[in-house]
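Listed next: structures, encoded as structure tokens.
You will see two complexes here that share chain A, one where it goes with chain B and one where it goes with chain C.
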Partner chain A sequence: MAEFLTFTVVGLATGAIYSIASAGLVVTYTTSGIFNFAHGAIGMFSAFLYWQLRWDEGWGGFWPAPIALAFVLFIAAPIIGILLQLIVMRGLEGTSETTKLVIPIAVMLAFIGITNWVWQGAEQRIPKPFFGRNAKWSIGDTYITWHQTIIVIVAIVLAIALRFLLFNTKIGVTMRAVVDNPELVELNGGRPNRSAMQSWAIGSIMAAIAGVLISPLLGGLGVLALTLLVVNAYAAAIFGRLKNLPLTFIGGLVIGLSVSYWNWISRTGQKWPWLSELRTTLPIVILFCVLLLLPQDRLRGNRAGSLREQFRVPSIRSSILWSFALVSLVSGLSLIITSKWEALLTRGLTMAIIGLSMVLLTGYAGELNLAPLAFAGIGAIAAFQFDVGSAVETGPGFATLATLLAAGFGVLVFPAFGLFKRRLFVAVTAFILLVFILVVFFDGTTGTGIASRESMSLSGLVVASLITASVGATVALPAIRLRGLYLALATFAFAIFVDKMVYKQRETLTFDIPFVGDSEDLSINLFNNGALNIPRPKFWGIDFGEKQWAMLIFVSIIFCCISVALIQLRKSSYGRQLTAMKDSPAACATLGMNMRRLKLSVFTLAAAIAGFGGALHASNLRTIQEDYPFTIWEGLALFMLTVVGGIGYVSGALFGGIIYACAFIVMGDFWGKLAEDWGSFDWLFTFLQDFFLLLGPALAGIGLGRNPSGVASQIFDGFRILRKKENNGIVGVGSLLIAFSWFLRVIDVYNGWVFIMTSLPILFLMPLLGEANTRDRDRRKDTSIEMAGIDFGFTDEFISFVDKELSIPSDPMWKESRINDE
Partner chain B sequence: MTNDVLAVENISVQFGGHIAVNDVSLSVKPGTITGLIGPNGAGKTTLFNVISGLLTPTNGSVYFMDQDITNSAPHKRARLGIGRTFQRLELFNSLSVVDNIRVSIEISNQWGYLRPYQDEANTNAEISRILDITGLDAVRNTMATEIPTGQARLVELARALISQPKILLLDEPASGQNDQETESFGLLLRKICDSGISIFLVEHDMALVMNTCDEVNVLDFGCIIATGTPSEIQEHEIVIEAYLGAKKQ
Partner chain C sequence: MTPLLALHKINAGYAEIPVLHDVSLSLYPGKIYALLGPNGGGKSTTLKVCSGQLTPTSGDLIIAGKSMTKTDPSALARAGICTIPEGKGIFPNLTVRDNLIMMSKSGIPTEHIEEVAYQRFTQLSSRARQTAGTLSGGEQQMLAMTRALATDPAILLLDELSMGLAPLIVGQLYEIVQQVASGGVAILIVEQFARTALEIADTAGIMLNGRLVNEGRPESIQKGLKHAYLG
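On to the complex of A and B.
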């Protein structure tokens, strides 16, 4: 009984913190319509700040608790909230759900970056509970610390105060009204911007309270652990459907108690080792379940017309031309760059392939998925386990599994392409045969793994895609009834689940495939040593393991093939239906579309692409670890940068992948090198190096509010002017100059930096010169009527032009009579 | 067993404490144009949402060709033959006018029971015919976001029409059109009706309703207050009171 009470007290205290954090989230959401993904990060940052003021021996430090608390909660936190609203969130009006989600994610990454920057080093930072660790009182044999008591009291007081504020005060009513119709609030004398700022300040204070209260319970401050702990509060917020405060508080308590009781039952995870991480994942599992059980809003109508995001569809011809250009560029670069840069570029391109899955799912179909790298990670693990690994005992069941997966994929995806009855049967059968031939004839079906080889096979990549596709379909099946933010949160929950339960899994799992083999057809040790070694592919006599340049060209070709296929898909009936579903689900339903099946097919297809990209990415890296490169944080960063690039374009995926993998590292390296070379400016260059490495991606995301259609489209728009006939000369001369510079680099006349310094300015000058040239021609062609008699004379040609424009008959007699009349 | 295309019986819709539609019963006969009029907020669009399945009623039943469809999903109702347009435009704004119509055929082909246009040439011919009768041929390749509201409503009509519905629910289709356009729109509706498609029309333009409809229902504060021919409705005291706020002198 004493044990039960102890765990109940612990659960109540943790639950109360979740309640406080989630209430802050609800306040921000109900008053601004933005789900603040950065909520946990603000709590984390506040906890670090409080620790700094209270216990650090450097700057700050040793402030009395009330003053430090007052500073963090009533000065720093509200200022953070107000600045966020003023600088970032205010610019989100009229943007899509994707943009509204991405910018808070960028803010979250910014806080993580800033905290890592300010509080560097491996120093142990251990905050103490209020009144110390030994200040406690007891009920029977159960001890309750004063810290726990304070947590519960604070939660109760805040619950009452918030309810009173939002429903019984003018400020609260105005804050709630602003989210419905800010213009109407303004017309009635309210000040929407001030109300929004107030709500962000309150939300920020709540996050800070949660951060400060929870940090002593963790033992030590950790950036990601603290951020993720407050993320657990999302489940409580969803419990109250993001609007009901009492239910939100109850949700927080339920989650806290569930985790505590699970720890009690499972003896903190020791009783069932393969479920050991469930104690940290339980709130996320609850979040997923609550999302699935919640009644959904009815089908939403059209918003695309009023949105600032607009994506054009490129032609197949231009996409093929650009593909050739990309592969040529990559091939050309591979001759002049070092293997380090080849590896980085390859990394960027494999990430871009994963990004293409987001273009399909979010850009084309409008379905939010915050777990792109979770699917990619599953692809990588599948490729390892079923292709090259030695841990899997596949036995004869493997070929059966592969054909079953192929059949499932065919049945789920092919009907969406208009294949029915006989055609569907033929297509699925052909696909199954293809996979079967690949697996059986090229890999064999017996032994350990497909074969414990030293290279990845083509069939390994195909099987990895199929396995990821089946996982995607399994996740999507319950989640496809969700839309918008709820779907994003469900996929986010899935990503955290994979992070904790798959990447950290050390136990061997066995499965029985019915009717095949013995009772243990598949025996998998998912991540046995916390790292998986995945070799490079070896096809058609090319060993991609030895030749980095070959790997680079190979992935660039793969990227282009998938890109062209996606553009073709977007232009097909299937693509039009995806676009229609994104634009107006309500109209689609009333035209007879079964959106669940369409969503299931697109989820499956996108997961397959992500799995394929993940397997390639892992193969390029050669090793994947539990905390690199497929974690939730990296997934969020890639998602954010793809949206920044332009989620509706394949070029957006390319931008996201390259920027994520290379650009910030290049910038960091550049400033780092300068810091080495220029010792006296070391402080400045080190600052810039840290700035680009830690804050670059986040700042790119925050800038999205200004250009929600993405950067890639702007770049392509800039170069579009060069397609005009009159600019052929500029393109020709520019290309020749760049080619010449490249040639000089190839024959080692100068190094890579000189090549970059000569070719980049030419590249960027070309569209500028083209624009100037076109403008000049247009001006010469332009005959503005008001300048007649000033810039040019009244020629017969001009007079007949004016007559035509004004619909005046050209009969001279008529004109003369009009003049006489007047 | 009735011969009504559509019948709603005792439909009520409640949002929290607000009753949007209160015990409404009405029917649409085959080959007719039936009007539904009423002041703003009377519950007309709510009733349309209930019929097309976008909203579940608190009480009552919806019958289509004597089949109870109250609990059917919207896409299943559409496949049975219920087409609709929306008061607030629901175009696919990322697509051109012709693609808005084409996607409707593609949805019917892919998900419908009939799959009416399997042949590509047949599909293109039908699209051209629909563009022609709705007068949208000149803007066929224009993006849906770039056409004026009046034409956008015609695109919605064309999109619904091409899926070969048995009944069309038109929610304020003439708003955004000028007098001349409204007049020719009335003729178009009559032409559609003569081809065998029943029409259930919500409209504020009284001239269009009175000149086009065979029967008119009047909804006020969620309740049906009158049903009859256009001339009967024009003389109906309660209707005049609901619209003008005073009894006819």
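On to the complex of A and C.
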């Protein structure tokens, strides 16, 4: 009984913190319509700030608790909230759900970056609870610390105060009214911007309170741990459907208590070792379940033209041309860059392949998925397990598994392409046969050699993507009726789950298949002691393990193939269905479209691409670890950068992948090198290096608000002018110059820097020159038809031109009469 | 008598497209001005200029003798101009009561506002705690009216009050408009369906292609109507 009480008290205290944090989230959401992903990060930052002022032995340090508290909660936190609203969130009006989600994610990454930057080093930072560790009182045998008591009291007071503010005061009612209709608020004399700022200030204070209160319960301050802890509050907020405060508070308590009771039952995870991480993931599991149990969202139709995002669809011809251009560019580059750069570029391209899964799922179909790298990670693990590891016996077992997966994939995906009944049967059978032949004949899996395989096989990649596809379908199946933010949160929960339960899994799981063999038919050691070695592929006599350039070109070809296929898909009837579903689910429903099947198929397909890309990425890296490269944080960064690039374009994925893998490292390196060379400006360059490494991605994301259609489209728009006939000369000369510069670099006349410094300016001058040229031409031939007879005479040439434009047969009579007139 | 609100040679438009050309009109206390005309004539744009939602490219918005051309809508609202925009004059996710409280000026107790509101529209009192979006179209428009009147405005701008409503309810709403006018409020009604509006108006104007083509007593306007609508 005493034990039960102890765990109840602990659960109530943490639950109360979740309640406070989630209430803050609800306040910002109900008053600005933006789900503040950065909420946890604000709490984390405030906890660090408080620690700095209160406990650090360096600067700041040893402020009296009330002053430090007042500073953090009533000065720093509201300022953060107000600045966020002013600088970032205000620009989100009229943007899509994707953009509204990505920008707070960027802010979150920025806070993580800043905190990592300011509080560098592995120093232990241990905040103490209020009134010290020994200040406690007791009920019977159960001790309750003052810190816990304070938490619960603060939660109750805040709950009542918030409820009163939002529902009984004019300020609160105005805040809620702003979400409904800011224009009307303005017409009634209210100031929407001021209301939004107030709510962001309040939300940020709540996050700070939660952060300061929870940090002493953790033992030490950790950036990611604290951020994730407040993420647990998301589950509580969903309990209240993001608007009901009392339910939100109850949700927080339920989560706190269930984690605490689970710790009690499982003896802090020691009882069932393979479930040991459940104590940190339980809130996320609850989040997933609550999302599934929420009442169905009403189908909504989007207002036409209401969004600032617009994506064009490229033609197949141009996409193939661009593919050739990309592959030849990459091949050309591979001749002149060092192997370090080759490795970075390959990494970027494999990431871009994973990014393509997001283009399909989020860009084309409008379904938000925050777990792209979780799927990629599963692909990598599957490739390891089934190609390199020893989870599945080779031979018939492997072939059977592959066939089953292929069948499932076919049945899920093919109907969406309009294959039914007999044609479906034929298509699925053909697909199964294809996979079977691939696995059995081309991989020689009839023997027992896979465990010691030294190279990744093609069938390994295929099976990896099929397995990921089946996982994708399994995740999508329950989540299929979720949309927008709720779907994003569900996938986010899945990503955290994979992070904790799969990547950190150290136990060997054994399964007994009834009636077959002994008691351990299948044993999987999911994540071999924290690192998996996955070899490079090797076929057609090319050893991709030794030749980085071969891997680079191979990956670029694969990227292009998938891209062209995706563009073709987008132009097919399937693609049109996806777009229709994205634009207006309500209209689709009235047309009788089966949206469940459509969603399931697109999820499956996207997961397959992600799994394939993940296996390829892992194989390129050779080793993956539990904390690199497939974690939730990396996944969010990739998602964000792909959206920055333009999630509706395959080039957006390319941009996202390359920038993610290379750009910030390159910039960091650049400044780092300068810092080395110029010792006296060391501090400045080191600053810039840290700045780009830690904050680069986040800032790129925050900048998105200005151009929600993405950077790729902007670049393409810039170069569009070069397609005009009159600019052919400029393109020709420019390309020749760049090719010449490349040639000089190949024969080692000068080094890479000179090549970049000569070719980049030429590249960017081309569209500028083209524009000037076109404008010049336009001005010279500004002879609009209306001016005929005024600015210029009716020449025969002009008349036959007009006749041709109007498709009138030339009239000899008219000409005759004109001659007579003259 | 000086007008409460006057537009003087207003030119306005959206982005590159000019919509209004030299529009001038005046609203007087206690009088109802009905602005009529077919779709796309510039009626709602005129109203947006009056409420400050759209800054004119040239011309003056004069309120009680003072030029307030570039004042933002919230300041105009506080100065006593109350607008009920077309079809969305309420906050659908707030309760009826919240909608009423929302616009109470400081100084007037909320109980008083509620009391007056429920007296005017008895149906609303039983729905005080219901979400406004779940009310019927007529009730929503009544709520919008009540909410607007709670601010005790000097000028009331109504955009398409009758849109999508049953004739009976429209009649009821217009009766209230008349009552409000008799209390000294200057009222501008923008309407596509002219007949009912003309019945209560003191002055009427017809807008065609962004120009005020005819202005005068309702009876005289009535004759020109057919021509304006049918071309």
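Quick note on the criterion: the second predicted complex is superposed on the first by the 752 of 822 C-alpha atoms of A that agree within 3 Å, B and C clash if a C-alpha of one lies under 4 Å from a C-alpha of the other, contacts with A are read in each partner's own complex, and residues count from 1 in each chain.
Note that in this section a residue touches a chain if its C-beta (ideal position, glycine included) is under 8 Å from a C-beta of that chain, and two chains touch if they have at least 3 such contacts.
All values reported here derive from a predicted model rather than from experimental measurement.
Undergrad: With both complexes overlaid on chain A, does A:186 touch chain B (first), chain C (second), both or neither?
TA: A:186: touches chain C, not chain B.
Undergrad: Counting only touches as set out at the top, which of chain B and chain C does A:429 meet: first, second, both, neither?
TA: In the superposed model, A:429 contacts neither chain B nor chain C.
Undergrad: Tell me the contact category for A:138 with respect to chain B and chain C: first, second, both or neither.
TA: After superposing on A, A:138 lies clear of both chain B and chain C.
Undergrad: Does the superposition put A:177 against chain B (first), chain C (second), both, or neither?
TA: second
Undergrad: Report for A:418: first if it touches chain B alone, second if chain C alone, otherwise both or neither.
TA: first
Undergrad: Using the touch definition from the top, say if A:580 reaches chain B (first), chain C (second), both or neither.
TA: first
Undergrad: Spot which of chain B and chain C makes contact with more residues of chain A, would you?
TA: After superposing on chain A, more of chain A is contacted by B.
Undergrad: Help me check something: in the complex, which residues belonging to chain A touch chain B?
TA: Interface residues on the chain A side: 298-299, 301-302, 304-305, 310-311, 415-416, 418, 573, 576-577, 579-580, 582-584, 586-595, 597.
Undergrad: Show me the residue ranges of chain B that touch chain A in the complex, using the header's touch definition.
TA: Touching chain A from chain B are residues 52-55, 73-79, 82-84, 86, 88-95, 99, 102-104, 106-112, 144-145, 159-160, 163.
Undergrad: Sort out for me which residues of chain A touch chain C in the complex.
TA: Result: residues 167, 170, 173-174, 176-177, 179-181, 183-191 of chain A touch chain C.
Undergrad: Which positions of chain C touch chain A when the two form their complex?
TA: Going by the criterion above, the answer is residues 51, 53, 72-75, 77-78, 82-83, 85, 88-94, 98-99, 101-106, 147, 151.
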